[in-house]
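Each in structure tokens, the structures are laid out below.
Two complexes follow with chain A in common, the first pairing it with chain B and the second with chain C.
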Partner chain A sequence: MMLKLMDSIKEGFCKDIIKTYTVNKNETYIEVSNEAVKRLCMFIYKNIECSLINLFANDEREVNDGFSVYYSFAAKKEGELITVKTTISDTSVIIPSVTLEIPAANLYEREIRDMMGIVFEGHPDMREFVFHENWPWDLHPLQKDFSASRKPPFENRRQDFVRIEGSGVFEIPVGPVHAGIIEPGHFRFSVAGEPVINLEAKLFYVHKGIEKLCEEKHFEKVFFMSERISGDESFSNSLAYCQAIERIAGIYDVPERAAYARTIFCELERLYNHIGDIAGICLDVAYIFANGQFAMMRRWCQMLNEELTGSRFLRSVNFPGGVRREFIKDKEKIVLPAMDRLEKEFSETVDIIKSNAMFIDRVENTGVVSHTLAVELNSVGPAARAAGVHDDARVNFPYAAYDKIKFEVPNHNNGDVNCRMNTKIEEVAQSISIIRQAVELMPSSGGIIEPVESLEPYKHAFGITEAPRGENCHWVMSGENNKIFRYKVRTPSFCNWPVLCHAVKGNIIPDFPLINKSFNLSYSGNDL
Partner chain B sequence: MFNIIKKSIQHGVVTVDYPKKPIKTDFITGKPEIDITKCNVCGQCIERCPSGAIVKYCRRDGQQSIGINVDECIFCSLCADICPQGAIAMSKEFELAKKSRDELRVTEAGIKAGDERKDCELIGKQLKHNINKYFGRSLNIREVDAGSCNGCDNEANALNGPYNDIERFGISFVASPRHADMLLVTGPTTRNMELALIKTYNATPDPKLVVALGACACSGGIFKDSYATRNGIDSIVPVDVYIPGCPPRPQAIIYGILKAVEKHARL
Partner chain C sequence: MFQGIVKIVVQLIITAALAPLVSGIIKKLKARVQHRKGASVFQGYFDLLKLFKKDVVVSHNASWIFTATPYIYFVSILAASLFVPAIPQLFSFGFIGDAVLVVYLIAIGRFFMALSGMDTGSTFTGMGSSREMMISALIEPSMMLVLFTVGLNPLVGSLSFQAIYKGFAAPGWGFVSPSYLLLLISMLIIVIAETARIPVDDPSTHLELTMVHEAMLLEYSGRHLALMEISASIKQLLLITVICNVFIPFGSNAGVIQALGLYVLKVLVISGVIAVIEINSVKLRLFSVPNHAALAFILAVLGFMSSFVFGR
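Right, the complex of A and B next:
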């Protein structure tokens, strides 16, 4: 399919294509002129089954005489990545927006405007996105001449939310400091009576400038930053980063023991996250008994994490090239009984909650995400799988030892809170089975790390993993002296926030916490 | 219903009796310790420390030495792994909360120019010496995330769970700063959260306590010196207790909170 597509692209765009090349086995890059970039993106988007998984800009003035914009499409079923790249000499050069045709591009284009200063012509909503009216409008931190520690004075502009008008329409502002112990974000509900007409989420309250901080740092230091993109997804994020670094260094297969260890830790992370999410759903419908049960099981998982690695959040486990220590060796006797105990308790508690009609009544048909919406906005993870999108990075882009392990990807179609919860419940069972298989299949001897000594400058690679919340897509470009030139992070939360805002529409306000919890998105992973 | 009762009986009370009984520390990654006698000050750890917590400093006796600013440490144990002399080891010590940031450091923190404290109301200061009397039996906490990675928030959330159940101390998390006696702040304070943090602080009735939770809140941690963050919350609001860690485990948070109300000594 790829060859056929490339042939027809070469035929149709022979005048506009500057260069095409394939790196790292499955990453195809097509460099194209500014005029043709939108046409080519549309051609790819319409002709093959693919989704826009990343869109980012890179200040390549030092190496390439200009700013480059990368549009990454993934043909997920084939496991291929096609990236369209165009270079503009200056930020004043106009690039046409693709948002109206590819809705998933919306937030990426707004983010690039704020962070890099490239304006996309024809974007329907170019309001400020990353900075909250306190940042100079024409200052863009990801440009290379901006110093990472520069703190410009506060400005005081005012930006309006989307206004819904009509008799009886009220606005309800919520946040950024919420009632629960969660991260900050501002939600503006427009309601008429109880049902929500529109929800606009103003995020980026926890924007720390991670992408900028990573630049010009040694790749080892950036690794520790990648663990702290989103606290409860430490392992998946660091693994995506490690994979990108390993691909740049030419390591496609880490030592087998490391691959199995990574698989086990990925699933341990999924376990404690999913169980915590289900606990949260129970808490938000005031089902305290079930919340206590799941919170207890989450704690078991985290205790197991700590016993194996010394960290409750699986930090300092990964490392570019493998894993840092022999974490699993001689600990099978701890892991397997822990899985048995967890499986028994989990299935018994799930039986109890599923037989509670009042509970099911709250979760069924609440916060429905349609299949079309999930596809158009490139929803990922359990939220997409609950709405009939049968994608999982573990299957589409196999990494670690997932290609040697048998597992099923749950798929539901209704797209409501109940389906998202059931997806997670089934994934917990699958994770337990994956961990058992991995412990069994893991070879008893061999290395655990093939250290990455140095990186060739100006090479780039993707790192894709399936975090508990969905597909993680990181892109790393190396710089000189083993430093990182650009680190683009796209977590599943970035894709799913707009989906959440649509899912709330038509539901009553008291169901918002429940819907929010069923997605359980990371604010930090979105805001960076 | 029968199944629910059965489960309740099956598990009984799972709450860990910390701090009355010490917890098992076998697997805990605590504070890194440097054995000065082994160290030859080669400087590898200083160069590679991801958060810049390890520094060279001049000891009181005038000798050059190496030390760790624990408020900046992210407990990644890299220094222990790479030290060619094997002079650094991760201890099991996790009760690290201190009332002053300098107690956690070997070099002075010093608030940088342009980082001077914003204007918050400091009326309640003189009431503070009676704090034990006011909050000894009941303390309401408002948690504010000022830019954390959500690790610390997860651990703060765990305090409400069955294992740590902080309500046994008469401490509870409340929904509004208006109801709170203590702010538990995580994150280095991002540019976009500065105003919200100041407003939350001012909305909390006096006398009030502020606890900085995690390396970011103590010093900026790994996110310090960014265009979008400050180096710790004490450049915005006055802090009573610093709890280092990345993230600190729930028992370390309990220790810190009890230290703030000077209750830990009596337990």
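Right, the complex of A and C next:
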């Protein structure tokens, strides 16, 4: 199918294509002129079953005289990545926006406007997105001539939310400081009585400048940054980074023991996250018994993490090329009984909550995400799988040892809180089974790391993993002297925040915390 | 006259001493179910002491209603509690003051609390006020009907709590009848809704968007908050006392010490029952609360009808 597509692209766009090349087995890049970029994106989006998984800009003025914009499409069923690239000499050159045709592009284009200064013409909503009212409107931190240590002057602009007008419509501002111990984010509800008409989330209160800080740093140092993108997804994020670095270095298969170890840790991370999410759902409907149970099981998982690696959040386990130490060796006697105990307690508690009619009444038909919405906004992870989008990066882009392990990807169709919860419940069972298989299949001897010595400059690669919250898509471009030239991070939370805002519409205000918890998105992972 | 004052003082002391304990016991039981140790059952007293020592912060936009409400609420609930004493010996007002007065003393407090919620213009407190008013409009008729039906019982024949206590206090099981059982269940539902407990409201939630009772208090601090909190726990004790003395009247005509002991025991048992209900249920969807309230009302109506059919 890819060949057919490439042939028809070459035929239809022969005048506009500058060059095409394929790297790292499945990454196809098509360089195209500015005028044709929108047409080509539309052509790919319409002709094959694919989704826009990333859209980013890169300041390549040192390398090829201009800014490049990359549109990455993933044909998930085939496991292929097609990236359309266009280069503009200056930020004053205008690129047409694709948002109206490809809704998933909306936030990426706004992000690029803020961070890189490239304006997309015809975008329906070019308000500031990453920037807050105190940041200068025309200071773009990801441009190479902006120094990360520079302190910009304070500005005081007015920032507007989408205004819903009508009699009896009120705005409820919530946050950025919340009553619980959670990350900051401002939510602006427009309500008529209890039902929500519109919700706009204003995020980026914890913007740390990770992408900027990673530039011009040695790739081994950037690894530690990647672990800190989002606290409870340390392993998935660092694994996505490591995979990108390994692909740049030409390592497509890490030693087998390392691959199995990575699989086990990925699933351990998924376990404690999913169980924590279910505990959160129970807490938000004041089901304290179930909350206590699941919170206890989450701690069991984290205690197991600590026993195996010394870190409850699985930090400093990965390393480009493999894993740091023999974490799993002779630990089967700890892992397997822990899984048995967890499986028993988990399934018993799940039986109890599923037979509680009051609980099911709360979660059923609350916060419905339609299949169309999930597809158009490129929703990922359990939220998408609950709405009938049967995608999982572990299957579509197999990494670590997932191609050698049997597991099922749950699929639900209703898209409500109940489906998201059931997806997570079923994934917990699958994770336990994956961990058991991986422990069994893991070869008893062999290396655990194939160190990456050096990186060729100006090569790039994607690193895709399935984090607990969904598909993680990192893109790394190496620079000179083993440094990183550009590190683009796109976490699942970035994709799912707009989905959450849509899911809330039509529900009542007191159901928002429950819907929010069923997504349980990361603020830090979104704000970077 | 002097005797009356002593009775009032004793009743106030009992109420103030016992009220925070009830909340503490419920919290402790809930904590044990969550595999937590939980705070001491006396933590409520320490919290109140701490709050009384703290400064009060009042919004610039608040009117006198905001500052007056804690006192009005406290006094109205405390006054109501005098008409529903712990033991019959503590009636101090004779036959003055019946069930209607008690229900409306509680309503005065609630009215001012809802006003104060809207007074500061904060979004959360306003939402709390509107929700509280919705719930109370649904629950109040059931409460009136339950108390009226009890008053209609031939053993009682009056709406005065003193007559109700006296009518049911006869030894034996004379008070048990079909209507009695229906009313007891209805009253339990009413108590849970009135005291802002799961499944109607969640007293321990941190989610400002789902709160009802707690949302109205969000703007209060210091001694104002302490007064609001202690009033809420006194109201809870008051409603539990109604159940204790009207529906479980054993031993209320015994000697003072024995009756008091039994009363405390009954309060503890009912706190346990409320905790068990909280542990096993989930907070209702806000728009399902009317169904819950309708259940209380239907039970009350059935109790009312059956008291006619069976004559008691």
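Just so it is clear, the second predicted complex is superposed on the first by the 528 of 528 C-alpha atoms of A that agree within 3 Å, B and C clash if a C-alpha of one lies under 4 Å from a C-alpha of the other, contacts with A are read in each partner's own complex, and residues count from 1 in each chain.
Convention: contacts are C-beta pairs under 8 Å (C-beta built on N, C-alpha and C of every residue); 3 or more make two chains touch, one makes a residue touch a chain.
Predicted model, so just to flag it, every value in this text is computed and none were measured.
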item: Greater residue coverage of chain A in the superposed arrangement, chain B or chain C; value: B
item: First (chain B), second (chain C), both or neither touched by A:P510; value: second
item: Contacts of A:T349 with chain B and chain C, given as first, second, both or neither; value: first
item: Which superposed partner A:I210 touches (first chain B, second chain C, both, neither); value: first
item: Touched partner set for A:M296, first chain B, second chain C, both or neither; value: both
item: Contacts of A:A179 with chain B and chain C, given as first, second, both or neither; value: both
item: First (chain B), second (chain C), both or neither touched by A:F407; value: neither
item: Which superposed partner A:Y287 touches (first chain B, second chain C, both, neither); value: second
item: First (chain B), second (chain C), both or neither touched by A:F13; value: neither
item: Residues of chain A at both interfaces, chain B in one complex, chain C in the other; value: 179-180, 289, 292-293, 295-296
item: Footprint of chain A on chain B - complex, ascending; value: 3-4, 7-8, 11, 14, 27-29, 48, 50-51, 74-78, 81, 90, 114, 142-158, 160-163, 173, 175-177, 187-188, 190-193, 196, 200, 222-223, 225-229, 246-247, 249
item: Partner chain B, residues of chain A touching it in the complex; value: 131-132, 134-135, 141, 146-152, 154, 176-177, 179-184, 204-210, 212-213, 218, 220-221, 223-225, 228-232, 234, 276, 289, 292-293, 295-296, 298-299, 306-307, 310-313, 315-316, 324, 348-349, 351-352, 522-524
item: List of chain C residues in touch with chain A within their complex; value: 30, 33-36, 123, 127, 198-199, 202, 204-210, 278-288
item: Chain A to chain C touching residues, read off their complex; value: 170, 172-174, 178-180, 194, 284-289, 291-293, 295-296, 356, 358-359, 361-362, 366, 508-513
